[in-house]
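Remarks on the structure that follows.
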Amino acid sequence: MMNEVNLLTVTAAVFAIMMSGSGQSRTNLLLYAMQTFFIALACLAQAEAKGSPELYTVVIGIIVIKVLTVPYFLSWLANKIEARSDPGAFLPIPLTMHVSILLFALSHFLALGLPLFKGIGSVASDATGAISLLLTGMLFMLTRRFALGQIIGFLTLENGIFLFAVTQTKGMPFIIEMGILLDVLVAVMIGGLFVFRIQKSFEHIDVTQLNGLKE
Amino acid sequence: MILTSANLVFIVTLTIMPFLLIGVIKKIKACFQNRVGPPVFQSLYNLVKLFNKDEILSKDCSWIFRSGPLISFSGMLLLCLSVPWLPLQPPVPGCDIFLFVYVLALIRFFSIISSIDAGSPFSSFAASREATLSFLAEPAFVLALVALGISAHSSDLALIFGQPIENNRIPLSVWFFSGLALFLSGIVELSRMPIDDPSTHLELTMVHEAMVIENSGPNLALVEWSYALKLLLFFGLIAQCFVYSLSKIIALPPLLLPLSVLVVMLALGCLTAMIESFSVKLSWGKNPDFIAYAVSMSLLSSLAAFAMNGGS
Amino acid sequence: MNFVTPLFLAAFMLLLASAVLAIVTRKKFSLVCVALTALACVFLISGALQIGRSDSLWKLSGPFYLGVAPLSFRFDALSAVFSALLGLIALCAALFSHAYLKHLSGRINQKYYWCSLNLFVLGMLGVFLAANAITFLVSWEIMSLSSAALVVWNFSESKGQKAALIYLGATRLATAFLSAGFLWFHHAFDSWDFAKWHFNQADLLVPSMMVALGLFIKSGIWPFHIWLPYAHPSAPSSVSALMSGVMVKVAVYALLRFFLIDGSGSIYLAWVCIALGAISSFWGVLFAFVQSDIKKLLAYSTVENLGMIFLAAGICLYAQVAQLKEIAALAFVAVIFHSINHGLFKSLLFFCAGAIDSAVHSRKLDSLGGLINKMPATTGSFLIGSTAASALPPLNGFVGKWLIYQSLFMLAASETERAMNVLAMILIGLLSFVGGLALAVFAKMFAVVFLGRPRSPAAENASECSKLMNAIPAALAVLCLVCGCFAGPLITYFCRMHPLYSAVSLPSLPIGQIAFLFLAFAIFFYLAFLRKNGERIRYFSTWDCGYGSLLPKMQVNSQSFAHSVGTIFGHLLQYVTHFEIGGHDRRHFPERIKAETVMISLLESRIYGPALALVRLLNRHFSKLQAGSIHLYLLYVFLVLVAMIVIEVLA
Amino acid sequence: MNDLVLILSIPIAATLLAIFCPKIAVLSRTVSLALWFYFAILVYLFAPLFASKQAIYLFAGLSADRIAAAFILLTVIISASAITQAGIFFEHELLSENPAENLHVRQFYILAMLFLLSMITVFFCQNLGFLWMSIEATTLLSAGLVYFHRSQNSLEATWKYFIICSVGIALALLGVVLIYASSQYACSEGTLAIPELIRLAGLLNIPLFKLGFIFAFLGFATKSGVFPLHSWLPDAYSEAPAPASAMFSGALLNCALYAIMRLCDICRASGHFAAAFSILLWAGSITVIAAAIFLVHQHGIKRLWAYSSIENAGLMLVAIATGSWSLFLLQAANHSLAKTSLFLLSGNIIQATGTKQLKDIRGVLTFCPVWGVLLALSAFAVTGVPPFGVFISEWLILNELMVMGQFLPVAILLAGLALAFIAVSVHLGQILFGVPKKNFRIFRPTLSSLVPGLLLLGSLVLGFTVTPSLLAVFTP
């Protein structure tokens, strides 16, 4: 049982790593959806383990909002503003993937060093997945040129935190988990709106060129 | 004031001595230059002559111009009356070192501004030099007096100079070095060679003579007279210093003291005349170097004062 | 029976009312403000005179509270003396500005002026009376800010802004040091009341030094004096008079209150006071000599005088530690007396400068001259002020200096450390040197401004200003004379202000008799020699070597008078001459040659400039952090995260 | 429940009004009146709170104690002032050369009301999860306010604000999760309720809690502009319209810091306050000095005040570090009053000159003395000049640090405050004096300085009336 959870989280992390290796917006979004789907599965596994009915609702929420709605909305947006391929910034995209693999290794050590909750058994590899997602999300945000990429990176980061919450605790309070989901939805909507605006007023969504405000 | 013999000497000193000193200096200088020279009391005759002359004033000058000589004369007279002359206590008591120095400064202030009053470039230029020279020489003068004061444990001039010889606690070295310092700074203050040449008439090199270039008639007479009094005042102080140091070596009878002061004053006049005959006027830039000697003498005197003071 | 509190309260309320009224009312406020301020000052003076030697505390109860302590004030003899000085100078300033502002009309916003002026006086009064640290600091800042506002009275002139900025910066540094010191003292004594603080403990050296440093900065002691020659000349003359006459004394008052009355436990403060005081008196007078702006010159002279006051304070501190009661008493009296004297003569001189400015519209020495015939009353006051400022008998400036000399002399003669004897001796030499220079400075200023021939058409056409503007300096001049001639009783009074010194007998100064004799002599000789030949005077042009008429430009001016000093102190007064040669063939046929000599301010170019550059450099480097790249900003977030975790793990 | 309706009523009503009322003049007047009325309601609601120690309970996980009530009142005062001023601001904006669209103004009101509601919620939260959500909500709702001018710069600022704060808040979520995890050692299910956490503080898993604290602190610190997480702040404050900037600086800043304070509540109960204390103290001190250095050279008038807000945020962090919440409240109140006045006045000046660039703003004292004097006084008030309130609160903070024996931070703070004052004075001098470079279109000078003037008066009153007993009221 525990192994299943481990496998699912690590798979999610691997999807994230793969995601960081692609510059195509749609591929990114697809991989994001996959990654989130596996997180939902991990969540489901937890729900079964704990037998909490609330977690099932959360799983459904994740699938509806994060696996379906958000990627669909973002890919619609990417199509609309014709932001198909992100050239990447500061690091070539393949190298980003290699770095994120290194980060995966790093997160393994970090997870081992964490003062973790031992109540649910061996959870270090779950934490590895979560931290890896978090770090990959960060890396993604740091190395993408497009505003859209930053949203995806942020979502990945948030996925990592969510995964952490699901696997490392006995389940967050329901209202809070739903709140987080709602939050993500609103954030993505607003973010998408702003990406749209950026495209309209700058005629690009390259955030490295948004440097008019400085000292 | 009761007419005692001491007071008589005092009055004679005050009236005769200034002109005598100037006359002696001029006479000796003339001797060195193989000239006959003016009569010894020529400056007194000049004074009388000047008082009877008309006065010419610049159209640009104001009341300040005439107040300068007046104030310097009144001030000098006041100082002469408040300084002790060896055994004689001053008629005006309570004059301490700093008051003395600052009354001199007051006189200087007014002579500087009155010399600028007419707007003459020469006298103003001289005034600038006078101001510079005097503040450079001021520390030497003050420190020499203060060294004496420290040895005497009083800043009152009457207590420093007016002590009977037997209770005089000031050591020989202090007297001597202070005397030297006073003499050197006196050369500066009195505008003598090698700082200033009182006898040439080149406006650009003179200090004192150029300052009073606009004065004439009674006004000039006051200037000359106050200069003479200043000479007397300085030589008087210096002479007392030397007489005291002499008295530390040779026991002088008390009666001879006033006389010896007068003699030493005349001797100082001779010395001044000799210096003026044998030295050349220093260039302006070298003056601070000369004043440095005066300051060193006063510092030596203060060190001596401290060294001797420790024992008591 | 005791009207002190109501009188002071009335003064406070009137000042505040005047400040508010200046802003609120629309017309005719100037006269009302003058009246209110003057009335407040009268109350202030009478209140201060009432205090006498009683000591009372007054807490402003009710809704007023300053976070840690209530607004509270203490009246004693020391604060009485200083608030009387404040009342006097403020009264003069208010009356003077009523006439003076007409000259600035159109350039000055009167509402702004009167509001700031009243707050300024209010702030100073608060400092003089403050009984606890918070009240002190609040008043201190009100004073500083309102005076800064007055420095920059001309909104469109950039010079005033620079001055105000430098001033604000300096004053803020002073506040920072004071705050640090006060906090420390509170830490040590657990009270904000000055009455409960004891500065005479050796382990409180650091906070004492901080407080002293704050006071040094505020009073313009070397090397913190650089704000002073900027701020004082920029303010309107009536305000300069207040700033130079009273505001810098605030620091002296605080020094008296904290260290001299209570005694400092450590000898180091004494050394610092003596050293900085001596340097600033020399530095101030030297730089005063080479200035060519009346008010700037006066400002540097303030540095000199404050230096002497702090020197005296240092001697007092030393003597207290060394148990030399008489010397301590002398120096103590010297500090108070010279503060008052300097307040009187310096404000007199600034008022005169204002009068000159309003008559000639210039403060440049080199465009003045010959004003003695045009402005006889101002000349008279200014002459007395200059003589007082050069410390000449029988004026009050001399008495203060004499007290300092006497204390140094006694220190040199006393049986204490040999090194101190020698130091006292050297200081006497230095002071006499400074005195000589001060004389030259004021002789130069007086002569260049009032004597000779006018150097500009404006000076040629000047005329005496209004009666009020003559009367105020004249009144101050009389006070200078009175304080000088009747110094004896004042010295005794000041001596009694310190509990330990009331029994000490001080050497007396027969300055009154000397002055009387002097006057008698002068009158006698005038009658005897000069007056009678009044009809025998002929008038002719000034001696011109026979070359023809002299031009006004040929007269000595401020720079040429100071030239010899400039060459002697070439290392401190660094002159740099810039040549600008213009024309078609510049090398062989120059058509236009312009040479300009500028004096480099050593402190500004060597110390303050680099310090400022360092801050700017830091700012430039910090600005690079804010480069506009969102990726960079995100990186900061992650780096901080990593750093915090690393620190946490290591800790 | 009844209270909850009261609290929700006015902002929601105002939001609805803004949605349906097309007339801006009517809208602005009604909303500002409503907000002052709202303030009165809240005073009425909280009055019993100050009489007794009993907290007001609203809903599960939502209740208000004295300090929260005080912060809510402060937030509402600031918002009401900003919105009142916004009426004049938008009136001018709509009459200007390139007028803002009517719709945008209405959007502004809608967002502002929702933003206000989210800020008020922050103070009510007695649950870390709710706290986190409401803070996130403030970000999401206020992002639109920054974008009011629809310019490229404002869009850029909005994007940076949105992304950086979201990332920060996401990290705070991780912190909340970790704290939750640590609480599972104390009670079987784990809890996020703050009173519960305080009660169980001794039993928490300390390493996890510390880690959680760091993450949460980092997140909320990003929101409150602690150096070097402040990067978004000057941009957002500068690009937002003046009333919004005022709300950001006067109210939002307090929200984020309030969240940190809540965290410290738990820390203190857990007995591991020392670690949190040193983190806060040093973060605060470094922020103060860094902000002061940033202040030395600035090009935008509102950026200047933004850095000054950062400096004050640092001070508030230090205040929290002293462990005295009332000090934090005092500093927050003082800063909010003065800074709001400053932003509103700067808004006037920017509208009148048509530029934000400091180099183009000259001679304010000449063309509008009222604004000039008020601006100078507000700037002095913000930089801690007596007798304004900030001086007293700064003094209390420094004194508290001295009592704790933290001499180095005191020195750093004093240096930072002095430098900040000097730097602000330099810029202020350039703004106030000199000859105006451009033509000014002054708009209702007296009316537009009414609100700032009153706020300044409030700051002055706070400077003269703060007594230890008043502070003691807020000590739990």
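For clarity, chains are labelled A, B, C and D in written order, and residue numbers in each chain start from 1.
Note that in this section contacts are C-beta pairs under 8 Å (C-beta built on N, C-alpha and C of every residue); 3 or more make two chains touch, one makes a residue touch a chain.
What you see is a predicted model, and the numbers here were worked out from it, not measured in a lab.
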Which of A-D and A-C has more C-beta contact pairs: A-D
Averaged-CA centre spacing for the pair subunit C and subunit A, given as whole angstrom: 68
Subunit A-subunit D separation of Cα centroids, rounded to whole Å: 31
Distance from the mean Cα position of subunit D to that of subunit B, given in whole angstrom: 78
Approximate Å spacing (C-alpha centroids) for the pair subunit A, subunit B: 100
In subunit C, residues with contacts to at least two other chains: 622-623, 626, 630, 634
Multi-chain contact sites of subunit A, meaning residues that touch two or more partners: 141, 150, 207, 210-213, 215
Listing of all chain pairs that touch each other, if any do: A-C, A-D, B-C, C-D
Touching residues on subunit D, where the partner in the complex is subunit A: 129-130, 132-133, 136-137, 140, 143-144, 147, 150-153, 155-160, 162-163, 166-167, 170, 173-174, 177, 180-181, 184-185, 188-190, 192, 205, 207-208, 211, 234-235, 238-239, 294, 297-299
Touching residues on subunit A, where the partner in the complex is subunit D: 114-117, 119, 134, 141, 147, 150, 154, 157-158, 161, 164-165, 168-170, 172-173, 175-176, 179-180, 183, 186-187, 190-191, 194, 197-198, 201-202, 207, 210-213, 215
Residues on subunit C engaged by subunit A in the complex (per definition of touch): 622-624, 626-631, 634-635, 638
Subunit C partner contacts - residues on subunit D that touch it in the complex: 159-160, 163-164, 167-168, 171, 210-211, 214-215, 217-218, 222, 228-229, 231-232, 234, 275, 279, 290, 293-294, 296-297, 363, 365-366, 369, 373, 380, 385-387, 391-393, 395-396, 398-399, 402-403, 410-411, 414-415, 417-419, 421-422, 425-426, 429-430, 432-435, 463-468
Residues of subunit C touching subunit D in the complex: 63-68, 71, 109, 112, 134, 137-138, 141-142, 145, 152, 155-158, 160-161, 164-165, 168-169, 172-173, 175-176, 179-180, 183-184, 186-187, 615-616, 618-620, 622-623, 625-626, 630, 632-634, 636-637, 640-641, 644-645, 648, 651
